[in-house]
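Working notes for the structure below.
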Amino acid sequence: MFTPGLYHILFISTALFFIGVFGFLTRKNLITILMSVELILNSVNLNFIAFNKYLWPDKLDGLFFTIFIIAIAAAEAAVAIAIIINLYRSHHSIDVDNAEEMKY
Amino acid sequence: MNEFLTLMKPELQITIIIFLLLFIKLSKGIKNDLLLLIIQNLLLLNFIAGFFFNAPGNLFDGMYQTNTLIAFQKSILNLGIYLISLLFTGWFRKTEHLPEFFILMLSALLGLDFLISSGNFLIFFLSLELATIPIAAMANFDLEKKISSEAAMKMILSSAFSSGILLFGISLIYGATGTINFEALPAQLDGSTLQILSFVFLITAFAFKLSIVPFHLWTADVYEGSPIAATSFLSVISKGAMAFVFISVLYRVFQPMHQVWYNMVMLLSIITMIIGNLFALRQQNIKRFLAFSSIAQVGFILVGITANSPEGISSVVYFILIYTVSNLTAFGVAAAISSQTGKEKIEDYKGLYQTNPLLSWVMALALFSLAGIPPTAGFFGKLFLLTAGASNANYGFILIAALNMIVSLYYYLRVIRSIFMDKNEQPIEKINIHPSTKFAFIICSAGIVLIGMLSWIYDYIQSLNP
Amino acid sequence: MWSFSKIADLVHQSLNHTFSPTLATIIEMVIVGVCVIGLFAVLGLVLVIMERKVSAWIQIRLGPNRVGPKGMFQSLADTVKLLVKEGMTPSGADKFLFNLAPYIALIVAMLLMAPLAFAKDFQMWDLNIGVLYVSAISSVSVISILMAGWSSNNKYSLMGAMRSGAQIVSYELSAGFSVLSVVVLAGSLNLNTIIQSQADGWWIFKGHIPVMISFVIFIIAVTAETNRAPFDLAEAESELTAGFHTEYSGMKFALFFLAEYVNVFIVCAIGATLFLGGWMPFHIGHWDGFNHVMDYIPSSIWFFGKTFFLIFLIMWFRWTFPRLRIDQLLNLEWKYLLPISLFNILLVTAMAILGWYF
Amino acid sequence: MNLTLLILVPLITAIALLLMRNKQQVKWLALTGATVQLVLAFVLLFTYRNEVASGNAEQFLFQQQYDWFPSWYISFHLGVDGISVAMILLTAFVVIAGVLVSWNIDRMPKEFYFLLILLSFGAYGFFLSLDLFILFFFLEIAVIPKYLLIGIWGSGKKEYAANKLALMLMGGSALVLVGLLGLYFSNPERTFDLVKLSHLDIPVYIQKICFPLLFVGFGVFTALFPFHTWVPDGHSSAPTAGSMFLAGISMKLGGYGCLRVAAYVIPEGAKEYADIIIVLSTIAILYGAFATMMQKDLKYMNAYSSVSHVGFVLFGIGMLTKTAITGAVIQMVSHGLMTALFFAVIGMIYERTHTREVNEMGGLLKVMPFITTVLFIVGLCSLGLPGLSGFVAEVTVFMGAWEHPDFFHRFATILACMSIVVTAVYILRAISRTAMGPIKESYSNLTDARWNEKLAAIILIAGIIAIGVAPFWLNNLISPGAEIIMQKFSVAP
Amino acid sequence: MGSSSMIVLIIAALAFSSIAILIAKIVTKSTTNPQKGEPYECGIPTHGKTWKQLNVGYYLFALIFLIFDVELVFLYPWAVVAKHVGWMALIEIIIFFFILFMGFLYAHKKGALKWK
């Protein structure tokens, strides 16, 4: 049967990373931007797990890192969502184009 | 256990203060004035206690590292926090959620302390997030203001993005070397393409946090929108700690790739100085102005970082000590004015000297120090940064930096000019300054003058260098 | 004695004997899939009739009694009825999500089957992180509910979905904590290892009061998590017509219905595995004689017996307690269950370290 | 003689000034401070002469060295030779004159005097320091007070002028800084010490890099040709005392720096670029002179003539002969005194007539004889009348320049000499327009100089005449220092 | 069976449900009627937008849940080794819970756990 190797996983994770970056830079909706960031973090998780499994199976650093990334991502998302809710209350929109009180 | 207590002392102190505040919050409410007094004294104690029983050592298999220099760096941050608690008394007294603000700020400080002490990318990342997430919440503290939540949104999204990039870099380093330990990494680095790629990712993340051009775009908006205490924390303490970490990561971990990062940092430094200065030239809002000027200051810090020598570290630490005192003073004056009159434009400062001579002198001192004019400490700070940077004999680079000092002088003088020279029909009225703020101004002014003149401070920092 | 594992081995060998390994594997997979689908269907039918019978019994009435002997085939008849109903999609709905939601509900229920040990050595996937797997996959079920509620273009659906989301996520915490207390004692996340650790007595007996507290919390929490009365706010008929699946009809509704019952079965199976020893017969310490006698009862009987006992308990609740208001529901979780389970974990840990269990 | 006193006195005066509350107190305190400075400067002069007469042949006398930032090898190293003594005397003269002239200032006197004294603090420190780091430190200290002086108390386009001055001077000091760092890192001992550096052999390629940086950097202060543009604006916008300090002291900082740091430490570089210096300074001399002719405003006139006169300093340095260098130093002293006096007089006139336009004045001799007399004296000094200091200085420079036999140097010297003619034209024209002729109606009831103004003028005139009549004592004072600087050129390979 | 069982189960679930829905589609006959597509709300036409702003309480609970759930993630690895590590594990988890509980109390005090 087909078993996925390191390169397949790296391919996916890199793709995810750049999809995330692309989404972060091009999207207008704040929630979507947040989701793009989560995509980036998840691609990193994949990276860590893959490296740990295929390259350095005797060192568990990658696994630990992944757990912490998940936790931090959650905390970050919590704060971000709270802020976005607050932003929605004052701007009645979660579109970045409407958040333009400050300009050069 | 004993070792644990002594080595982790700075962090434990802060943790205790955080919990004390939490207890205070959970019990029956205390009046803001009294609470602020308690907090100020706690932070003073914290600052003083930071000088005792400092020993070098490792904890948790080198995940947590400390030495006397690191302890001193933490003391600088403690000093900054203490000054913040004094300087923005006017704002704090009006704040509805005072303990929360300090809990958040101290949590961020805790994160920064751990960040400085980190000996492993895991702790590094965790403490980095601990340091940034509360700042986003702090930025949103003026709940009713639109720009505040906008600032918080920009802060959290950009910091999340940058930590994503940082993590990607770390994961590549892990893949390339199999370790995330700072001690073990240098032996594994050979400058292969993958490592350089991952290093680029890492430096990008650092650039975000330090607001190095071209990753500075969030800085000005966040600074302007946040409450001024949060802004000052972000621009002084957070930035200072990030610089400490940046230098220690570059020197300790990426020493084998010295040539690679030297060129990168040099380029970043040049564009940061130039762009920061050019944008600062056209700012009208004092907070935005200080934001862009702090970007330019970061460019100078990078000049010192390129030295790749013990002098580089000491001059950066020394500069940040000075920068902390000077920039906080500038923010303190701006806060004192804006909390009473709500005026934040540079134009509004016209004729300030007629009504508030002392405040004007303090501001002038701070701005001169930021501009690097003798006899203020900023002169020595900048000079030593340039001297350290010049040890690579790259005089063109140093010349660019020195000329940028002139540009920066121009816009600092702009503020000085509106304070001292321009006439104004309706200058800002007499500002009532809270006694504790006055006290902070005295400390800061003394610091600005004396830190430079008393050479033993620099020598002390130099002697701490392991 | 015959056991499932021997049958499984026999099938495996004979398949490998006759076909090439790849083909054999594929055929095995097909067999497993068919078995699981069968189990699913059977479970759905049995549980529906069981619920109706139990409710009738508690309310002292007859219950279904027309179709088949004593109304045994009533649920089959229901299925046929649902099959011929038209499955509509409301005009304002988000079609894709609306149709996707029941699939996800079913996939989640199905995936949860994987680590269950139905009998001795009879398990689809002997997963080393079985407990984690179960809690991870079961969290996904809330997505299908939210998806269904959101896409229906119906206020009641949306509110029901939100309520049920809040409820499920809240109670997931207590459920997680009570599961953890067994993990602490057994020192493993592997369901099989946990079952083996109960060879000299089930945890609910070995672990004294703390584990009993965990067990009680677990039962309450899973009742809430599966949206069953008295926590069935998500589909409170009197308030929200039918909650998140108001707009569903026909077979899609049946799938939700089925998934819900299978979920009940699964959480009860997990509870039985963790606290009541799974397929492990009732053993008492080193009373070898007694233990031997108990071993004569097949392990699958033990497993299904315990599971159905728990299912019965949950059904019993439904007809005993009145429905909670949402504030009461959340209060119960956040003000009572969560602090208690936090504290309980500490107790269990202390007990585990001190060795104060049999 | 403890040289630290010379630095401490102005510093203490400045700090004490800030604590004063009363306008009278401020004035008298400032005057006391300035007097003490003058006394100290004379004490220094006499002790120095005694010391030299008693056979002390050391290059720098009264050396003091304290560690300051030992990890950078920076020390607080003070010491004087004849050149520094001359410059310190000049500073003391100008300071006391400046304080006296601005006796009647009514806008924020405390701050005004504070900044003046702070400026003098920077100047003293600069002339005394033998460590390049503290030299640079004092150089920069002397910049910002000028900015504030012009910006707050100035007139005309004061903000523009203040900005231009501050930025150009700081730009100059930035170049100096890079040059200093180059020197610092190229010597094996990592020292900023001037004495040590002068004994080290700095590689020639480093000298070739550092010399232009240092020379141009200091040259900005000295109105080196393309960088002289701050001079007219700054001088004309500044208040009287500010102009006096600017022209009298501040421009000399640059000249002293060029001589002491650029030429002395980096002789090879100086040799390399000497021709360019001569070209530029000749241009400055001629350009300054001709530009002065076009001016109608007295302050602008003096400002441009300063460009021309200070050009002689650089011209002398560029010649690289002992006589020329001595002449350059004498020119610095002479021009410092003269231009300070000139600005003081212009200030006095402006205070009374409220105009600086030459064409609007006339016949002032009748109403203010003292002031007009001083104007005569200073004008004559400026055009180089024998018996006054200007003559001595310029003649020494030309003599030094004539020592070079080749065409290039001769030609440059002749060109520079021509400027004297031009100077005579504009000075005489200006004096005749202001002092002679019929008096305007509105000016008929103007008063003559007050006691403070008289005192200031007398002090400065005394200096001018002393140099003019007895130039040898100044020459003797300076020439040992110039000798040592010259040795570097001859010894170097 | 190992991890491939996940694939098998997903396929089985998909197959089961799609077959069921397909059969239902074949068996039933559908009629169209504009009223049929209306949301089912007591027979009266729907009033206002469906996706209205929900009570902010849901978000608060979601946020608090997020924090606790993540914390639960950390407890899983801890729970496995707690018995072997011994007292240190207990002390560490007490500190952990203490911090967590302070946050919980804070949320409680702020009224975040009160349904409004």
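Here the chain labels run A, B, C, D and E in written order, and each chain numbers its own residues starting at 1.
As a convention for this text, a residue touches a chain if its C-beta (ideal position, glycine included) is under 8 Å from a C-beta of that chain, and two chains touch if they have at least 3 such contacts.
Quick caveat, the model's predicted, so the values are computed rather than measured.
Q: What are the mutual neighbours of chain C and chain E in this structure?
A: none
Q: Any chains in contact with both chain A and chain E?
A: Common neighbours, chain A/chain E: B.
Q: Would you mind telling me which chain pair, B-D or B-E, is linked by more contacting C-beta pairs?
A: Answer by contact count: B-D.
Q: Using each chain's Cα centroid, which is most distant from the centroid of chain B?
A: Of all chains, C has its centre farthest from that of chain B.
Q: Closest chain to the protein CA centroid?
A: Measuring from the global C-alpha mean, the nearest chain centre belongs to B.
Q: Farthest chain from chain A, going by mean C-alpha coordinates, please.
A: The most remote chain is D.
Q: Take the average of all CA coordinates in chain A, do the same for chain B, and state the distance between these two points in whole angstrom.
A: 27
Q: Just give me the whole-number Å value for how far the CA centre of chain B lies from that of chain C.
A: 54
Q: Could you tell me the distance, in whole angstrom, between the mean C-alpha positions of chain D and chain E?
A: 81
Q: So what's the Cα centroid distance for chain A and chain C, whole Å?
A: One centre to the other, that is 32 Å.
Q: So which bits of chain E are touching at least two other chains?
A: 62, 69
Q: Could you run through all the chain pairs that touch each other?
A: A-B, A-E, B-D, B-E, C-E
Q: Write out the stretch or stretches of chain D touching chain B in their complex.
A: Residues 67-72, 74, 133, 136-138, 140-141, 143-144, 147-148, 151-152, 158-159, 162-163, 166-167, 170-171, 174-175, 177-178, 181-182, 184-186, 209, 213 of chain D touch chain B in their complex.
Q: In the complex of these two chains, what residues of chain E are touching chain B?
A: Counting only chain E, the residues touching chain B are 102, 105-106, 109.
Q: Residues of chain B touching chain A in their complex?
A: 121-122, 125-126, 129, 133, 136-137, 140, 143-147, 149-154, 156-157, 160-161, 163-165, 167-168, 170-172, 174-175, 178-180, 220-221, 224-225, 279, 282
Q: Tell me, which parts of chain A touch chain B in their complex?
A: It comes out as residues 17, 20, 24, 30, 33-34, 37, 40-41, 43-44, 47-48, 50-52, 55-56, 59, 61-62, 64-65, 68-69, 72, 75-76, 79-80, 82-84, 86-87, 90-91, 99, 101-102, 104.
Q: Sort out for me which residues of chain E touch chain A in the complex.
A: Interface residues on the chain E side: 56, 59, 62-63, 66-67, 69-71, 73-74, 77.
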